[in-house]
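Before I ask anything, let me first share the structure, which is written out below as C-alpha cells.
Going in written order, the chains are labelled A, B, C, D and E, and every chain counts its residues from 1.
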Amino acid sequence: QEQFIPLLSYRTGAYAPNGIPWANGKQDYVKYINANGGINGVKIAFEECETGYATDKGVECYERLKGKGAAVFDPQATGITFALTDKAPVDKIPLITLGYGLAASQDGGVFKWNFPLMGSYWTAADILVQHLGTKEGGLDKLKGKKIALVYHDSPFGKEPIPALKKRAEMHGFDLQLLPVTAPGVEQKATWLQVRRDRPDYVLLWGWGVMNSTALKEAIATGFPREKLFGVWWAGAEPDVKDVGANAKGYSALALNPNGTEYPLIQDILKKVHDANQGSGPRDEVGSVLYTRGMLISMLSVEAIRTAQEKFGKGKVMTGEQVRWGFENLNIDDKRLEELGVKGVIRPIKTTCEDHMGSSWARIHTWDGSKWVMGADWYQADKSVLDPMVKEAADRYAAEKQIKRRDASDCNA
Amino acid sequence: MLYRENGQFKTSYAADQQIFPIFQERWAMALLLLVAFVVLPLVGSEYWFRAILIPFLILSLAALGLNILVGYCGQISLGTGAFMAVGAYAAYNFMVRIDGMPLIVAMLLGGLSATVIGVLFGIPSLRIKGLYLAVATLAAQFFTDWAFLRIGWFTNNSSSGSVSMARLDVFGLPIESPVTKYLFVLTVVCVFALMAKNLVRSAVGRQWMAIRDMDVAAAVIGIRPMYAKLSAFAVSSFIVGVAGVLWAFIHLGAWEPAAFSIDRSFQLLFMVIIGGLGSISGAFLGAAFIVLLPLALDQVPHLLGIPLSTATITHLVHMIFGALIVFFLIVEPHGLAKLWSVGKQKLRLWPFPH
Amino acid sequence: MSAPNLLLNVNGIEVIYNHVALVLKGVSLQVPEGGIVAILGGNGAGKTTTLRAISNLLKGERGEVTKGLIEYRGERVEALSPSDLVRRGVVQVMEGRHCFAHLTIEENLLAGAYTRSNKGEIAANLDKVYTYFPRLKTRRTSQAAYTSGGEQQMCAIGRALMSNPNMVLLDEPSMGLAPQIVEEVFEIVKDLNAKEKVSFLLAEQNTMVALRYADFGYIVENGRIVMEGAASELSNNEDVKEFYLGLSGEGRKSFREIKHYRRRKRWLS
Amino acid sequence: MTDMNSAAAATPSGRRQGEVILDLQNISLRFGGVKALTDISFNIREHEIRSIIGPNGAGKSSMLNVINGVYHPQEGRILYRGEERRRLEPYMAARQGIARTFQNIALFKGMSVLDNIMTGRNLKMKSNIFQQALYWGAAQQEEIAHREKVEEVIDFLEIQNVRKTPVGQLPYGLQKRVELGRALAAEPSLLLLDEPMAGMNVEEKQDMCRFILDVNDQFGTTIVLIEHDMGVVMDISDRVVVLDYGKKIGDGAPDEVRNNEDVISAYLGTSH
Amino acid sequence: MGFFLETLFGGLMAGMLYSLIALGFVLIYKASGVFNFAQGAMVLFAALAMSRFAEWIPQWLGFESLLLANLLAFIAAMALMVVLAWAIERLCLSKLVNQEGITLLMATLGIAYFLDGFGQTLFGSDIYNINVGMPKDPAFILEGMFEGGVMISKEDLVAAVIAALLVVVLALFFQKTKTGRALRAVADDHQAAQSIGIPLNKIWVIVWSVAGFAALVAGIIWGSKLGVQFTLSLVALKALPVVILGGLTSVPGAIIGGLIIGVGEKLSEIYIGPMLGGGIEIWFAYVLALGFLLVRPQGLFGEKIIDRV
C-alpha cells in the first residue's frame, strides 16, 4: 500500500532554471520520507510529469496522474492552477499552491480544495509595502512617494495590483504600473521609464528570465539595486546568479531561507544524497527554490499525516481525506523542531476559513554572491486583506454559483 | 484485393461527386464514426477523454479552420491563437452578460466575433502576400494577447485577468462528465468537418484554391481576389473561433490569454502542414501527429520501465519528434494526408508494384 | 553506332515518379561523340523524363531510375549529382525555361558560368551568347521574370552554353520562339557541333526542324522507344510523315482541313 | 519552315466577320524604360479568328494583357462593344465574357483537371456560401448541372482519362489543353489564346486547330490567337496583326500580311 | 529632450540587437527561399556551446585564462555549428530539393525541435553565463547639454558595432561574389540552379554555416545580456517583424528594419504605452511593420514579389 503523490514539474522550457531546483526539492523530500520508513509506515509512490509550464500539458499530466490515486497536486504554475481549480472539486483532490495561485483562494469557505499555503500575492504585496514603510521609518512616510511595479504581464504578475492599490490608497503613495510582456527578455522601454520617472522604489514581480533581465536593465540604467524589491519568485539563485556582484543590494521577499545548516537539510543530505538517491546535484540542495520545493512536499506529507490521525494511521489516504488534513494543519514550533525546520518557517495553522495557514515572510538581500536573510519577520495585515479576500471569493462564488460552505461542512 | 474501385461505375455525376466515391471508404468511414460515437464512450477512460480525445478533437477543429485559410486559400496565418481567443472571450462575454444564453448560441456568436476580427486582419492580404502576410496575423496575435489582458471589460473585470466557465448545458442536458463533453465536442467537430468538406468541394472552395495556386490567373477567369480571400478568412476564423470556445469552455474550463498564445498558433500551423495542406483529413492527422505523438513517446520509457529523468525524456522526445517530422517530410513532402492517399493508391495496385 | 566514340549510353532505364507512376519502361539510346540526336514523341511520351534521368534532375521531381544504366564516356553517372555532371560537361536546358526570376538576364547568364572560373573565358562566352542572341543584350539589365517568353527561352539556352558544355540536353528549345529564332537556335546547335564538337540530345516537338538538323532520331511513345533511325530515314517514313510532319500524300495539309476523325498512330500494340 | 503555298488560302468570308466588338485605339504601354507597345490601333470583329504575330518580345502577350485588364496602358482607348472602358480589373473583363490562356501555363497546380475546368464556370454559379456549406438542394443541383457542362468540354478536348489527375503531373501539352478547357468552360464571347500550340507536335497541333475552329464555328466565339507557327496562323486566321518592337507593322488578311515587305523583313524572313 | 534622445538611442541599440538575429533568417531565406524556423534554436545551441565550452575547456586542459578560454570556446562552438550545418544538409535538405518553401519551413521546425532536445541534453538546461567582458555599466554623453546627460548602454553599443560589421561583411559577400549570385539563383529555382551546375549541397553547407556563425555571434551577445538559457531561443520572435519589415531577402534590410522596429517600439511604449496601460511594444512592432508593408509589400529592401502571367 503506497500513498501516491504526483509531482508536476518543469525541467525544460523557458522556466527550467527555476523549475529544476524546485522539482528536485519536492522529490528529495519524498525520498527522504521513504528512507525514514514512510508516513506512519505508508511509503510514498511518486511520479513526475513534465508540464513545461504549459497549461494544456499540465492538464494532461493532471488527468493522467489523478487516476493513479493522487493525494494532492502542486501545479507549480499559475496558469495550470487556474485550469485545475475547477477540476479539483469534481475529482476531490486538493491543490496546494504554496506562495502562488489565486489570492482569493485563501478563503476556504468558497475554495474548498485550494490551499495557497504560507502566502498569496496579496500577502506578498502587503509585506513588501510594510517593509518599505519600515525602511522609511513608518508607513505614513510613504505618502507622496513613488513606487513602481514592474510585473510579468500575465495573471501571475497582475495578482498583486489590487492589494498594492489598496495600500496606495491607504498611505497616499503613487503606484506606477509597468507591464513586461512575457517572457520578459526585452525591458529597455520599461527601465527607461523608470529612469525618467525616478520612482523611490521598484517592486519586481517577475519569474524566470524576466528577473535577471530586469536586474541587468536596472544596472544598465543605473537604478540603485537597493531600491529594488522582488517578490519571492524573484529572489532565488537563478535570478541573480549570472548578474553576480552587480546585483549586490537587491532584496526580495523570502518565504524560506537558503542554506544547508538546519537539521532537515542535513538529514536529507545524509539519507538521500549520501545514498546516491539525490534528484539533482548535491550543491543545489538548500538553494532557495530547492528549499521551497522541499517545504511543499513537507507540508503535503504533514497533511497526510494529519489526515491519518483522523482517518487511521498507517492507511493510504484519499484525496478527500488529505484535503481534511490540509484544512486542519497545525504545525507549531514544536512540530517544526521535530521536522528539523525550526526557524526556517513560522508555525502554520490552517482552518476551514483560512487555507493559507501563515502569512509571514522575511526579506533577504543579495550580497553579490549569496542571499543574506534579514532579521525581521513581517506578517501581512489581516485587517487590510481579509475583506478583500472575502469580496473576491464571494464574487467568484457568485459567478460559479457556488454556495459558501457552512459550519457543518467544515466539521465534517 | 480488398481495396479496389474496379467495377464500381458511377452512373450519375451526383454519385461521382460523393465525398467517398468508393464504397470501401464509405464503410470505413461509417465504422470510424461508429467507433467514435458508440464504442469509445463505452470503453474509454476518463483520462482518454479529458486528456487525449477532447483536446485532440478541438485542436483538429482549429487546424481544420486554419487549413481552409492556409491550405486551401494559401494565406499564411500565424494568428490562429488570436482568433481562438476572440471566440473564447466573446462567447464568455455573451454567456456572462446575457442571462440564459444557450451554450450553442454563445458558441456560434463567439465564432461570428472571430469572423469579424479575422476578416479585419485579413484585409491586408489583398495587398500583402506570402510570408509577409504573417505580419498581419502576428499583429492580430499579439494585439489580442494584449487586449484580453489589459482591457478589463473582456474578462468581466477579473483582477488577475483569468476567467472561467462552468456548468454548461445543451438543451437542458448538462455537459459535465467527460463522456458528454467528448460527445458534444465530437458532434461539433463532425458537423463542421462535413460543412468544411462541402465548402471545399463547391464553388467557393475552388475559388480559394485558384487564388492559392495562382492569383493572377484566378482573377483572369473572373474570381474576385477580395471576395475569395476574405471569405476564406471569414470561414476559417469562424471555425477557429468555435474551436477556441470549445478549448476554453470544455477543455480548460478556466483560462488566461496564454492559453491562446503564439505557441498555439505555431502549433496549429505545424499540424496543418505536417497533416497536409489543403486536405480535411490532414487536419486530423496533423493534430494526431503533433498532439498525440509526443504524449505517446513520453510514455514509452515508462512502459518499458526505463528509468530516465523527466527532463531527459522530454529532451529525447523533442529529438525524436523533430527527427520524425523531417523523416515524414522526406517520405512525403505534402503531408500525412498525401502519404495516406499514396498508400491507398499502392493498395489499389497491390499486389502489382505499378 | 560503334562503341569507341560513344559519348552517352542509356540502357533500358525505367523511371518511377512518386513511387507509383511508372513512366519510362525501358528506354535505351546512344549519343555518339559529336552527334546530334533527337528524341521525338507526343505529349507525355517521356522525353523530358528521359532527359531528367540523364542529367539527374529527377530527384527534385520525386522520380527515380529503378532499372537500367546510364553511362557518360563509359562512366556510370546515375549516382552523380547534377553539378558533377555539369563539371563533366553535361548540361541540360530545362523545359519551360526556368530562368532565375529575380536575377537580371546578365546575372542569369553569369550564374550559368558557375562551374567556370577563368574570367576571360567567361567574358568570351558571354560575348558569344550575346552575339547568338542580340535580343538578350538589349534586355540584359531586366529581371528575367519581366522578359517575354521567347526572351526567357533564349536566356535559358544561353545560360546553359555559358558552362562550356561537351554535351547539351535540350528540352524543347524551339518552344515559344519566333520561326526565324528557331532556325537560328538550330544553326547555333549546328555551329557548336561543328566548331566545338559539342554533342546534343534534343527532345523536340518541332519534328520538321529537328530532323533537318539531327543525325539520328528516336521516337518515344508511352515510355518506350518505338522507332529509331537516321534522321533522313525517319523523315521518309510514312508514319512519321503523317503524324510528326503533318505531311500526307501530296504535301502538307491545311490546318483548316483537318478531319474530325483521323487515324491514330498505332505503333503500340 | 512549312510550305505555305500549298495551304488552300482560307479567305476570310463575310459570314465570319461581324461587328467590331473590341476596338483598340492608340495603345501605348511602358514598363519603366521599356516600351512594350507604342501607339497601336486595331480592332477585333465578332466571330473572327484574329491572330497576332511578331518576333519575340514584340509585345504580343502584353497586348493580350491589356485587353483583359492585367496591364493598364498609359495611353490609348479601348472600346468594348462600342463602350469605352475605363481602368478595368481582370475579373471584370472575365465578367464581360473575355477568357484567355497563358503563354506560361497558369493552371491551378494543386487541383485536378476537373476542378480546374470547373473554376472556369465560376462566374455562372449562383448559390451562396451557406448553401454550399450544406451541399443540399440548389447547391448540389447547380454543382451537377455545371459538372455536366464541364464534362462536355472534357469530352470535346478528349481528356476524359485524366479527369481526376492533378494538373501538375500532366505533360506539358495536356496542360495546355486543360487550360483551353478552362477558358472554354466559361463560354466566353472573346477568347484570347497565347501560344496555345507551343510545345506540341504536328498531330497535336492539328487537334488543337480543330478545337479552335470548332469553338469558333459552333459557338461563334471570337478568337484572338498568338502563335509562332506560321502554318497554323496563315491557315486558320481571318485577319492578322503583326507587331515588331511594340509597333504595328502590318494588319490584314493572311495573304496580305504574308506579302507585306515590312513583315517579311522583320519576322517571316526572306526564306518564306 | 534628453530623455527623448535616450529613448531614441535605446531603441536604436535594441534594434541592432534584433538585427543580429534577423540576419540569420535573411541568410537562409536568401539562399534557399526557406524561412528558417530553427534560427532561434540555433542561437540557443550556439550560445550553450560557447558558454559550456568556455567552462569546460579550461577544466580539460587545465588553464585559467579567460581570454584563451573564450577564444577556444568560440572556435569549438563554430566548429560545432559547421558540423551541424553539414549534418542538416546531409540528413535533411539534400532530401528535400525542389520542395516548396512551406515543406522546408516544416523541416526546419523539425530541426528546431531536435536542436532543443539535443542542445539541452548535451549542455544542460540550467542558466549559464557567457563572460566575454562586455561592459555592463552605462555611459553618459552630452552631459553638457542635458541635465544628467544622455545615457547609453555600453554593452549595447558594443553589440551594435559588432552587428553593423557583420552586416557590412555579409552584404558585400552577397553582392560581390560568385557564391552570392549562386545563392540567389538557388533561392529562385532549386532545379534550374542544379541544372547549370550549382552544387546545392555545397551552397547549403556554406550558408547554414554562415547562418550558424551569425547565430553564434547573436548567441554570445544576447547570451551575455540575458544569460544562456532556453528563453534565448524565444528571442528569435523579436526578430520576426524586423526581417519582414526589412525584406526577407535583404541583408541591409535587416539592419534598417531593426532600427525602425527598435525605435518605433521604444517610443511607442514610452509615449503611447501609458495611455493604453502599457505593454504595447510587442504588438506595436507588428503594427508598425504592417504599416510599412501596406506601402511596400515586399518589405523595405526585399526583392520585388514577382507575379506575372
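Please note the rule applied: contacts are C-beta pairs under 8 Å (C-beta built on N, C-alpha and C of every residue); 3 or more make two chains touch, one makes a residue touch a chain.
Just so you know, these numbers come straight off a predicted model, no measurement behind them.
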| item | value |
| --- | --- |
| Separation of subunit D from subunit A in steps, with touching chains one step apart | 2 |
| Touching both subunit A and subunit B (chains) | E |
| Pair joined by the larger number of C-beta contacts - B-C, C-E | C-E |
| Chain centre separation (subunit A, subunit C; CA means) in Å | 74 |
| Geometric centre distance via CA averages, subunit E-subunit D, whole Å | 49 |
| Subunit A-subunit E separation of Cα centroids, rounded to whole Å | 37 |
| Centroid spacing, where centroids are CA-atom means, of subunit B and subunit E in whole angstrom | 32 |
| Per-residue overlap in subunit A, given as positions that touch at least 2 other chains | 11-12, 16, 20, 153, 179, 181 |
| Contacts with two or more other chains, residues of subunit E listed in rising order | 120, 125, 277-279, 282, 308-309 |
| Multi-chain contact sites of subunit B, meaning residues that touch two or more partners | 146, 149-150, 214, 216-217, 220, 311, 314-315, 318, 333 |
| Contact footprint of subunit C on subunit E as seen in their complex | 97-98, 178, 181-182, 184-185, 187-201, 303-304, 306, 308 |
| Subunit C-touching residues of subunit D, taken from the complex the two chains share | 1-3, 6-8, 10, 31, 34, 54-58, 61, 103-105, 169-174, 195, 198-207, 209-210, 213, 228-232, 235-236, 267-269, 271-272 |
| Residues of subunit C that touch subunit B when the two form their complex | 16, 18-22, 62 |
| Subunit C partner contacts - residues on subunit B that touch it in the complex | 333, 342, 345-346, 349, 354 |
| Complex interface listing, subunit E residues touching subunit B | 35, 91-92, 95-96, 99-103, 105-107, 109-118, 120-121, 125, 237, 240-241, 244-245, 248, 276-280, 282-283, 286-287, 289-290, 293-294, 297-299, 302, 305, 307-309 |
